[in-house]
Amino acid sequence: MAFIPHTESDVAAMLAAIGAQSIEDLFDEIPPQLRIKSLAGIPEALNEMAVGRLMSERAASDGTLLNFIGAGAYEHHIPAAVWAITTRGEFYSAYTPYQAEASQGTLQLIYEFQSMMTRLTGMQVANASMYDGASASAEAALMAVRANRRSRAARILVPSTLHPHYRRVATATTHNQGLAFEELPYCSAAGTILPDSLARFAGQDLTALIIQQPNFFGRLEEVDALTDWAHAQGALVIAVVNPTALALLKPPGEWGTRGADIAVGEGQPLGVPLSSGGPYFGFMTTRLEHVRQMPGRIVGRTLDVAGKSGFTLTLQAREQHIRRAKATSNICTNQGLLMTAATIYLSLMGPQGLTRTAAASHARTRELIAALTRVPGVRAAFTGAHFHEAVLSLDRPVAPLLRALAARGIAGGLDLAPYYPELGPALLVCATETKTAADIERYRATLAELMTAARAA
Amino acid sequence: MSNIPADLKYTKSHEWVRTLADGGVEIGISDHAQHALGDLVFVEVPEVGRTLKAGEACAVVESVKAASDVYAPLAGEVSAANEALAAAPESVNKDPYGAGWLLRLKLAPGALAAAQLLSAAAYRELLEAEGG
Amino acid sequence: MSFTVSEPVIFEYSSAGRGASDQWPAAEPQAALADLPEALRRRAPPALPEVGELEAVRHFTRLSQLNFSIDTHFYPLGSCTMKYNPKACNQYAMLPQFLARHPLAPESHGQGVLGCLYELQEMLKEVTGMQGVALSPMAGAHGEFAGVAMIRAYHRARGDEARNEIIVPEAAHGTNPATATMCGCVVREVPVDAAGDVDLAALAAAVGPQTAGIMLTNPSTLGVFERRIEAVARVVHEAGGLLYYDGANLNAILGKVRPGDMGFDVIHMNLHKTFSTPHGGGGPGAGAVGVGARLLPFLPVPLVGKEGERYRWLTEADLPQSIGRLSAFMGNTGVLLRAYIYMRLLGRDGMRRVGEYATLNANYLLKRLMAAGFDAAYPQRRASHEFIVTLKRQARELNVTAMDFAKRLLDYGFHAPTTYFPLLVPECLLIEPTETESREVLDAFVAAMSQIQREAEQEPGRVTSAPHTMPVRRLDDVRAARQLDLTWKPTPPP
């Protein structure tokens, strides 16, 4: 119980050394009226066997649905080696690498992670990760305000095709710091931002433009035109990108003439399981000139006193434990374990494996759309290329269909009614390399049966 | 013992001020300040043309253990900034009153009269009282 | 134990065409990508390393062997609570059904995990004495942000826009003032007295109509219990402010005292400290927040609600005054499951034993170190779960600093305690043994410290140039910051 090793004789000897009669004496500075009377609301302890059984029963009761949901969290194959190594005690139970000499494993791993993320995004520097893609996007907005000296306005243009939860997190995180977000509408035929719709902002003081690629609908934005327009207005460009897609798509560092200024995103697709939403990790990369405005931990390579190469946390003067009230952020963590998993994943996948994963996910989603749009009452909502998810328009409400699909063991996608009611009944679906032709056919057949039954009713 | 040239003026927040022939001033951080910070790794100087109020944060000096704001001792417009410090922040440590200058100001009218500057002797007393 | 000498960066193993091809899906025909516009395509694949599976496994396993960790070393880091991370928590949090579930999957197929999260909320409420708990903040600092944001939202909802000042004791953790600034507040510091308690007179002078609240840790960052906490609460509440509890030191009082009973209106808990979820080399944490009745409407969403026997997510529609969403989904669910399992393993009595034995270990270690000749910062006070030793005498007389002791401890196989925090005590070591360490480990630590003291007196160079047996010696921080090398670049051929 509580993993406490002390025997009675240990306790007696220790109390004698302290000069106290009992453990209770050690709490004598605490006013007695503050002591807990009872913790009746906490159940009795379970031993490990009982806890194991409890958790296994609960997991079994949840079961596993055949998953066709994307919407910011993507199911990909994770090699067994990734978590076998990540859960080694030396990584799992290590602390933040403040004592560099005792943490070279973690520090070198972060350096390798930073190196891989800059290559993936085409940017110049990366930090050691942030909580998730949504908070990384919010931090990018704050960073753009600090970095864009020419702009006084703290105004950020945000496409309505940016993940709805990311927009809400950005508002919740930044509204006490005076940022203003303006939403850009999307074209109802294309499901993307029309560069022409930006015209009304021309000549105004804009701090940054956020561009998500692929966007929340899975569609591909015209990133070059958008980037050049933003730069011509004196605004910085914040790219919010999917890391798997970057194996096939032009990286933010190469968008437009100058490239994006900050590139962030959700790193979960890189070796991190879906796990009901977390823990995930956000990545943040930028141009070298903005490195001092970037929040979060950064690892640098240096030499020790004997001239040997080693790794250490650097640029810490920006961080909370030194700058306190003037810190770039209050962030005190990086998602260490997840970043570790991602680094191992990227090493096992390499350029070929990641490219094949991206290509297979794109291909399976095309097949999924082709199959599902053969079902009467289902059509694609938008024209144009997408990466690995797409919106389907249905001729009847989505929610009851999703319930029925779940009862048949299928998680059919995300109902967009709460987020984009103007689309009418709409379903966001995704298929990755994990889906086979048989999986897709099972979905198609089940949906066809359910919709026929609904139509007859 | 800290070096405190007699011909300069100082502030409580450890900046020094040198009057220039053209009527403007040159500003930097004192020997005491550079010693307290340790080896500087980065210096951020203001943009030429920027207008500063007295007491406004106008530069940042960063070491591995601290990043400190530098405050404008007087009101004025930035006429020059020491861009060389970007490549060689250690100049501030090695020569805080010479090559380590941070910025020059064209003074606002009445700025000098309004300023609360310390003489070298008064600054030395301040440091002794602080225990430095 | 010995360390591998050094390990190349993974890119140095790279060889064109190599790869762990068993892990890759089959290649798609070119036609499958034909619909992707050429202008949006990447011109060349990303320059990731190309290595085989065994190469990668060996590389990362060797890297792990360069680390200290709780599984291998005593880690008395004050304020970090480096207690044993039970393997059961990891194993059962990683059951395949939990791992495979998409965050937006139907609630009908998530009653098991939702039940665990709901019960975790309830247990955390009970053990902290609060009325509501939200689990979505993803780290302690994130929880702090939520807490201060809720305080601001509360005052604004009352129509009081003037309250924008957060009071912080001068010994506070750096995240506290940083958080206040992120919430658009101004920070006002108050001093602590010589015994380590907040200066009540200074506090009374500092509060007023501008006071949004005060951020406190209890026991404080000085390792001692804030004895007049009820008086502090009264002063702040009477001035119209709220009390925020930084839960970093909850391990000291777990099962013994509840922040809600001390008068705190909002708290954050560090599940990766008190509730033993893994530190992971820097994360992921989880910063659950708890509130009293006044702040219930403002909790961040989503949180788990129960209707009859069914669990469901409560969102913006259920809490219209919520400070909003802080996470793309629902926070670090896998971490929360580990905390849930840990709390079920502890049970009611286990919670109490945590506070008791953490305090026993700290007081024992303090007394033994004092007997060995080290100076405690607050020798007259009981240690909480941690305490401060100051080495200012050694620094003055022997020119050997707290940093030097910390580095030499590594050679003795101990991770150093927290150094130079809190800022208030010069040359300090903040030492927190936690309840999961045995007496033998504590005695060995005292022996090592005594040995280092002898070295400092007789052979100081050995200490000031430590460590000697680690994979690297002391690193040049100045060079690291001046000559930024933040990503690997291949060495160009001569």
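Letters A, B and C name the chains as they come in the text, with residue numbers starting at 1 for each one.
Methods note: contacts are C-beta pairs under 8 Å (C-beta built on N, C-alpha and C of every residue); 3 or more make two chains touch, one makes a residue touch a chain.
Keep in mind that this is a model prediction, so the values were computed, not measured.
K.L.:
Where are there more C-beta contacts: A-C or A-B?
P.N.:
A-C
K.L.:
Average the C-alpha coordinates of each chain, average all protein C-alpha coordinates together, and give the chain whose average is closest to the overall one.
P.N.:
Per-chain C-alpha centroids ranked by distance to the global centroid put C first.
K.L.:
Report the inter-chain centroid distance for chain B and chain C in whole angstrom, where each centroid is the mean of the CA atoms.
P.N.:
Using C-alpha averages as centres, the distance is 38 Å.
K.L.:
With chain centres taken as the means of their Cα atoms, state the distance from chain A to chain C in Å.
P.N.:
Result: the chain centres lie 20 Å from each other.
K.L.:
So, what's the distance in Å between the C-alpha centres of chain B and chain A?
P.N.:
44
K.L.:
For chain A, give me the residues that contact two or more of the other chains.
P.N.:
Residues 314, 317, 322-323, 326 of chain A each touch two or more of the other chains.
K.L.:
Using the touch definition from the top, which residues of chain C touch two or more other chains?
P.N.:
Chain C, residues with two or more chain partners: 477, 480-481.
K.L.:
Mind pulling the residue numbers of chain B that touch at least two other chains?
P.N.:
Residue numbers touching two or more other chains: 41-42, 62-64.
K.L.:
Flag every residue of chain B that touches chain C in the complex, lowest number first.
P.N.:
On the chain B side, the touching residues are 38-39, 41-42, 62-64, 89-90.
K.L.:
Contact residues on chain B for chain A in the complex?
P.N.:
Checking each residue of chain B against chain A gives 41-42, 44, 47, 62-67, 69.
K.L.:
In their complex, what parts of chain C are in touch with chain B?
P.N.:
Those in contact with chain B are residues 477-478, 480-482.
K.L.:
Under the stated contact criterion, what part of chain A meets chain B in this complex?
P.N.:
Touching chain B from chain A are residues 149, 292, 314, 316-318, 322-323, 326.
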